[in-house]
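To keep things simple, chains are lettered A, B, C, D and E as they appear, and every chain counts its residues starting from 1.
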Amino acid sequence: MANIVQVLVDAIALGSLYALVALAIGLVFGVMRLINFAQADYITIGAYALVVPTASVTPPLLLGALPAALMIGGVLLVVVVLALATERVAFRPLRNSNPSTLLISSFAVSYFLQNLVMLVHTGRPKSVGIGQGLASAVEIAGVRIPGVQLLTMVVAAGLLVALVLFLKKTPLGIQMRAAAENFQMARLLGMPANRVIALAFAISGLLGGAVSLLLTIQTGTLDLRMGLMPVVYAFFATVIGGMGSLPGAALGGFLVGVASVLLQTYLPPDLRPFRDAGVFTLVILILLVRPQGLIVTSAAKERV
Amino acid sequence: MSRSSKERLEARGVAVAFGGIRALSGVDLSLKRGEILGLIGPNGAGKTTMVNVLSGFQRPTSGAIRLDDIDVSRLSARKIAQAGVARSFQAARLFRAMTVEQNLSVAAIGAGLARRPARERALGILDWMGLAGKADLRCDSLSYGDERRVSIARALALEPSFALLDEPASGMNDAECEALMELIARLPERFGCGVLLIEHNMKVIMGVCERIHVLDGGQSLAEGSPADIQMNPVVRRAYLGEKASDRTLAI
Amino acid sequence: EDPIKIGFAIAESGWLSNYDSAPFKAAVMKIEEINKAGGLLGRQIEYSVMDTKTEQARAATVGAQLVDGGVDMLVVSCDYDFGAPSALAAKQAGKIAFSLCAADPKMGVQGVGPLAFTANSAAQSEGIAIAEYAQKKMNLKTVYVLEDLLIEYNKSACAGFRAGWAAGGGEESILGNDTFKNDDPSIASQITRLKGLATQPDAVFICSVTPGGASAVRQLRAAGIDLPILASTAMVDNYWLNAVPGLKDFYLPAFMSLYGDDPRPEMNAFLESHKARYGEPPVSSYSVLGYSLIEQWAYAVEQAKTTESEAVVAVMNGFKDQPFTAGPTSFTDQLHIQVDRPWLIMKVENDSFRAVEVYRNSFKPDMKLLFRVGQ
Amino acid sequence: MLEIRGVSAGYGRLEALKSVDLTVAKGEVVFVVGPNGAGKSTLLKTVSGLMAPSAGTIAFNGETIAGEPPERLCCRGLALVPEGRSIFRTLTVEENLSVAAMIRSDRDAAAADRERVLDLFPILRSRYHGVAGHLSGGEQQQLAIARAILQRPLMMMIDEPSLGLAPLVIDQVYESLRQLNADGLTLLVVEQSTARILDLASRIYVLRNGHVALEGAACDLADGHALEEAYFGYGAGRAAQA
Amino acid sequence: MMKSDAVFHFWFPVLAIVVPLAVIVALTDQFGGLSLQRTVIEMLISIVIVVGLYIFVGNSGIISFGHATFMAIAAYASAWQTCCEMLKPITMSGLPPFLRDQSIPLLPSALVSILLAGGAAFLTGLVLMRLTGLAASISTLAVLFILNVVYSNWDSVTMGSASIVGLPTYVTAWLAFGCALLAIVVAWLYQTSAFGLAIRATREDEVAAAASGISLYWSRLIAFTLSGFVVGLGGVLQAHFLGTVSINNFFLSFTFLALAMLIVGGMGSLAGAVAGVVVVTTIVDLFRRLEAGISVGGGQWSIPAGTQELIIAAFMLLILIFRKNGIMAGREIGLPQHTHREKGLVHG
């Protein structure tokens, strides 16, 4: 029994991490029809900001050496600035391009950033020992919850609620959705639409920074590709959850995380290597049953 | 459904609800081959919804669509198009990166033709509509009026038994409207099809329709000849406005 | 007289460059030493390097280009997948291809062909060595195996470990097997399974590489699992230890110690000359393999008195525990990889690896195990 | 209020406006008519800042505004109802209206205005919490006009207000335009058909092929002949000289 | 119009692509160095692959991440049939005996491999082509991942994530050119056929296409299958050019590169697909050479290692920013008066 509860906790913890990334992907997709692969590199660079940029494999800590609050602030700031910079340089000029061009441009940005990190830090993984205390587990009624996973769950849930409220209820949120849909008209109505859209990127940077920290605390390692798989999973999550719906993105994130953990737990040993094939098959099945995703906002249904 | 020409397209007790909004509630409508039926009504009366239902883009919540007494309510939009019901859209919805001829050919191919015969049919229709010179223009370079004409031509390239036209004259100026009226009036004779015409431009409606069906709030308000409808006080109050006859309706 | 030419088709950029660069520098050092001592067969050695960019297509192209330029021997990348395309180009021209540190026997007779060699031991041998060491010297009875599916190296090390462990303690003393992916952000469910075992094992073996391996160790320790952890050679470097501050009870087999505490004097001598030449110790213990590679080939050339591939290969195939810097070296006409070269067992202490002792495995992998047939 | 002098604008190599002069005085209702492709929409886009003119000057309230971004012009009191409605389809009717009211600081007046437009277009009230993209064509057009009214601009530019509207609603729209004008709003309206405009217009411009083909006070053009000639170009040469 | 004239008109866009390619191949074959020759072959193989990708992506407008799957299937199939007779029984012991213990001649094995790729594409399409837009794209990405997981862990048949090494390398420049020609002709015939027209209509407007009696499902399925065949050919060529097959070569970075080539060139036209390959290959090769070092006025000059990737990424972004619809912007290379008319300068 405790074991099943433990499995569920593991599943939800992983799901929350994917949900966090999916929120960022979903938000930016919502405002620009851009599936931003560079989100992976926001995560990576946020994590690398913890250490001094050098080719050495054992770099001294940079932001990681600061007290917790400053460190968190610093990492978030770095990623927000990075997200804004990519928006300004690469994505803003491409606004109104078709989604495939945008997608490819985000590959290009991602490729650029990844190689930049490689140039500065070399391709060798590095490690940082921050948040050792958080990484260790607490036991509650026989169920083990690593502190960082608890944190991930809380942060994911909190940010989801905050973002949904922000978009639905605040003037700025409504403006953001308006600018997302019709940029020119938003400007005609007096909105500083460029800034409003940039804000979405800033938020995605914030989410990216949060993921950098959580991931680094969990794994203790830095790697060029550390953001890639979470973003790929998030990418699936956003689509099966229902493009354009943030709760959908989060739900999708939970589902892939949970599916992954359950398969890992319950598949026989010989089939465990094929765990991810199971997860992706599930993605396809969900799409076949609900091509629009699990949560379809009425706004997403276009009338003829 | 086979493609032999159909004689009658009918909506029987069609109702459509979107959540709490009842866009149509129990509308009967019948269109015969060879006639031009006008469909008018205030904004939001359910006209476009009716066309969507008839062309398979919207499942009715209740009621049925019949083609010569065969229930087609469950068929997909494509199947209904192939069965001989063509439609145009309120926005033109052309294949913008393709040429005019290709736009028409697509419909001809959809009707089952091979590439070459499709092209011939397309050119024939363009010729008939006086658009032959524009066959090889890309649609994103067309003027607005031409766009609307091409969208009608594309519907006709299916060689349908019934053509459903949604506000074909919107955004056209007076002269263009007149040309369009002439065109629509000749459709039954050239293609042997029935035409359902939605328009807010009363000149066009009154000028070409033999019969007019009025919708209001998702319900049938009246049906009759243009003259009857024009004089019908209910229609005037709900739709035309009291000043109507002295200006817009002058035939 | 014309110089002897050695070509290096190795990764100078891309992720593989991190693995190629250290042994490459050591190889250059050896070439310089030979040249200073009067050369090989009285001829100086020249070398040229081309970058494979960690791409297979590039590897094939630069391999062909180097061979075209008339090299006598081609040194190829550390990794079988990226070394093989260059090695094939060498094979077509009848030249020897020598991989810096591929741990896959396919970099040899049965894979690339009879002219291909690797300076490393088979990954299975690492697994066997640490398994035997744990049983015999550490007195551990049961074990749990965590296999990272990222690369074949991991799978081979795990296969070797299981075979070695079963040979000593029986199949049933392996209490369980589980898999994970190197880039999994969390191995929570693997930990749950491990903790849920009816009896806890005496140790955990992880066949993995960084960063996933480091992350797994961190998560195991964070979950309160304080069992001894055994690992494979690829985890040998100190740099990842930051991820698990205060790590204890972590053992693995290594080529040599970079910290001056290697019990074998020849290793320390190598370390000193590396410091003298480059001003720093090698960044990775794989370094010595590159040095030894040149050493082995040069020795064979000297014996054969020619650089002709066939003659040199004949000499090399006759190596039987031939003493070289990297350790006793054997090749046969069937095996061009080491299967029982002694390992330096190392453990982590005070956030650094420390030499424990040299251990040579007694169980030798057969062909079936080396190629993991029916595993 | 608005002074356009020698303005040209185009798309790539295509010059859609060729040196157009046009003025709108405060409190006027100026209509621009002309056949398809005449450049009417281009003119409005250029004035509203969506397109940059390639030549000429545009002054609004005495200050030149050519090249200013649309959000700044909006703050100066210039509103545009563009062609094709441009409502926010994924937002609700309520949110569409809120977005328009956001730049206003007078909250109470904005709330009152909102009631006023909902009375004017009752269908919007019944669809208040529905998604705007699901509205019918005519309902969307009503929403677009309502939104512009809510902006409470000094001058409103409308591109084909009657597009897709039922005849009765067109009457209402024109009636409310007349009222807004009476309350001091300046209007620049593009229309396709000349039938309805004469009794509301102060002045009329006829645009053809990017030129102003005819310009005059509505009363002068009341018989409609000159207008039609200019419109359809029977006497293009003559009209241009006029 | 005379008949032959019409034929010439019809084929002109193909000739305009193929003739320059032939010239490049002939010149490099005669005068180029080894490295250049190999680059040209790589380029021609990329053309086969990207044109194959274009048949589906370009015509349907749906980005597919899944095409590397079909290449991998073909490449592995070819490896099973032709590779390393000695090693197969050891390293690929799970193969059925008729494959494990013998080699199959090159041509039949290539054909079988391509058929297998096309068949796999057909089956995949049968399931996935009900989806549209982003859902379809994502599901193809899922297929890519599934195949990758399966092939990297099906050790006894695929050798896991290790490369299968030692395939016969029979791909010459002219063979690659012939295959590129074939791919281009197939793509052209398809896109000008009724099927091609139908699927292009669905790309422009799914709703209007349905109203015109076009089946989204079938037209996409046909395109998907056909492009599966063509990329399968690309997979076979690549396998027998490199002599190695590795599942990691058919994964994300490859997929991204192929898509990038297509979109940089302009995914709306065949000419764009080819132009994208040529331009990207040229840029990559140019900077690769710069990085390796060139002699300028006696001195060696090179850009720092690793900057090549940065520059290429920046370059691609610039192309996308300044030509939003790619280099060819969705147009074919037509005869002069034709382009004039198509651009619609003659206004109505």
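Criterion: contacts are C-beta pairs under 8 Å (C-beta built on N, C-alpha and C of every residue); 3 or more make two chains touch, one makes a residue touch a chain.
Labels paired with UniProt names: A, E = Branched-chain amino acid ABC transporter permease; B, D = ABC transporter ATP-binding protein.
Quantities reported herein were computed from a predicted structural model and do not represent experimental measurements.
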Next item on the list: Sort the other chains by how far their Cα centres are from that of subunit B and give me the top one.
Entry: C
Next item on the list: Please state whether A-D or A-B has more C-beta contact pairs across its interface.
Entry: A-D
Item checked: Centroid spacing, where centroids are CA-atom means, of subunit A and subunit E in whole angstrom -> 31
Item checked: CA centroid of subunit B to CA centroid of subunit E, Å -> 43
Checklist line | Distance from subunit D to subunit B - Cα centre to Cα centre, in angstrom | finding: 30
Margin query: Can you compute the centre-to-centre distance for subunit A and subunit C, using the mean CA position of each chain? Integer Å is fine.
Written below: 36
Check: So which stretches of subunit A touch two or more other chains?
Finding: 228, 273, 275-276, 298, 304
Next item on the list: Would you please write down the residue numbers of subunit E that are in contact with two or more other chains?
Entry: 153, 207, 306, 347
Check: Where does subunit B touch two or more other chains at once, residue-wise?
Finding: 48, 57, 89, 143
Next item on the list: Sort out for me which residues of subunit B touch subunit E in the complex.
Entry: 55, 57, 76-78, 81-82, 86-87, 89, 93-99, 102-103, 105-107, 109-115, 118, 134, 136-138, 140-143, 146, 154-155, 157-158
Item checked: Residues of subunit D defined as touching subunit A within the complex -> 48-50, 69-71, 74-75, 79-80, 82, 86-91, 95-96, 98-100, 102-103, 130-131, 133-134, 147, 151
Notebook entry, point to check: Hey, which residues of subunit E end up touching subunit C in the complex?
Noted result: 34-35, 38-39, 42, 86-87, 90-91, 93, 152-153, 155-156, 159-163, 165-166, 169, 241-244, 246, 248-249, 288, 291-292, 305-306, 308
Note to self: Per the contact definition, I'd like the list of subunit A residues that touch subunit C in the complex.
What the structure shows: 3, 6-7, 10-11, 13-14, 17, 57-58, 122-129, 132, 135-137, 144, 146, 149, 215, 218-226, 228-230, 261, 264-265, 269, 272-273, 275-276
Notebook entry, point to check: Which subunit E residues qualify as touching subunit A in the complex?
Noted result: 57, 61, 63, 127-128, 130-132, 134-135, 138-139, 141-143, 145-146, 149-150, 153, 207, 252, 256, 259-260, 263-264, 267, 304, 306-307, 309-310, 312-314, 316-317, 320-321, 324-326
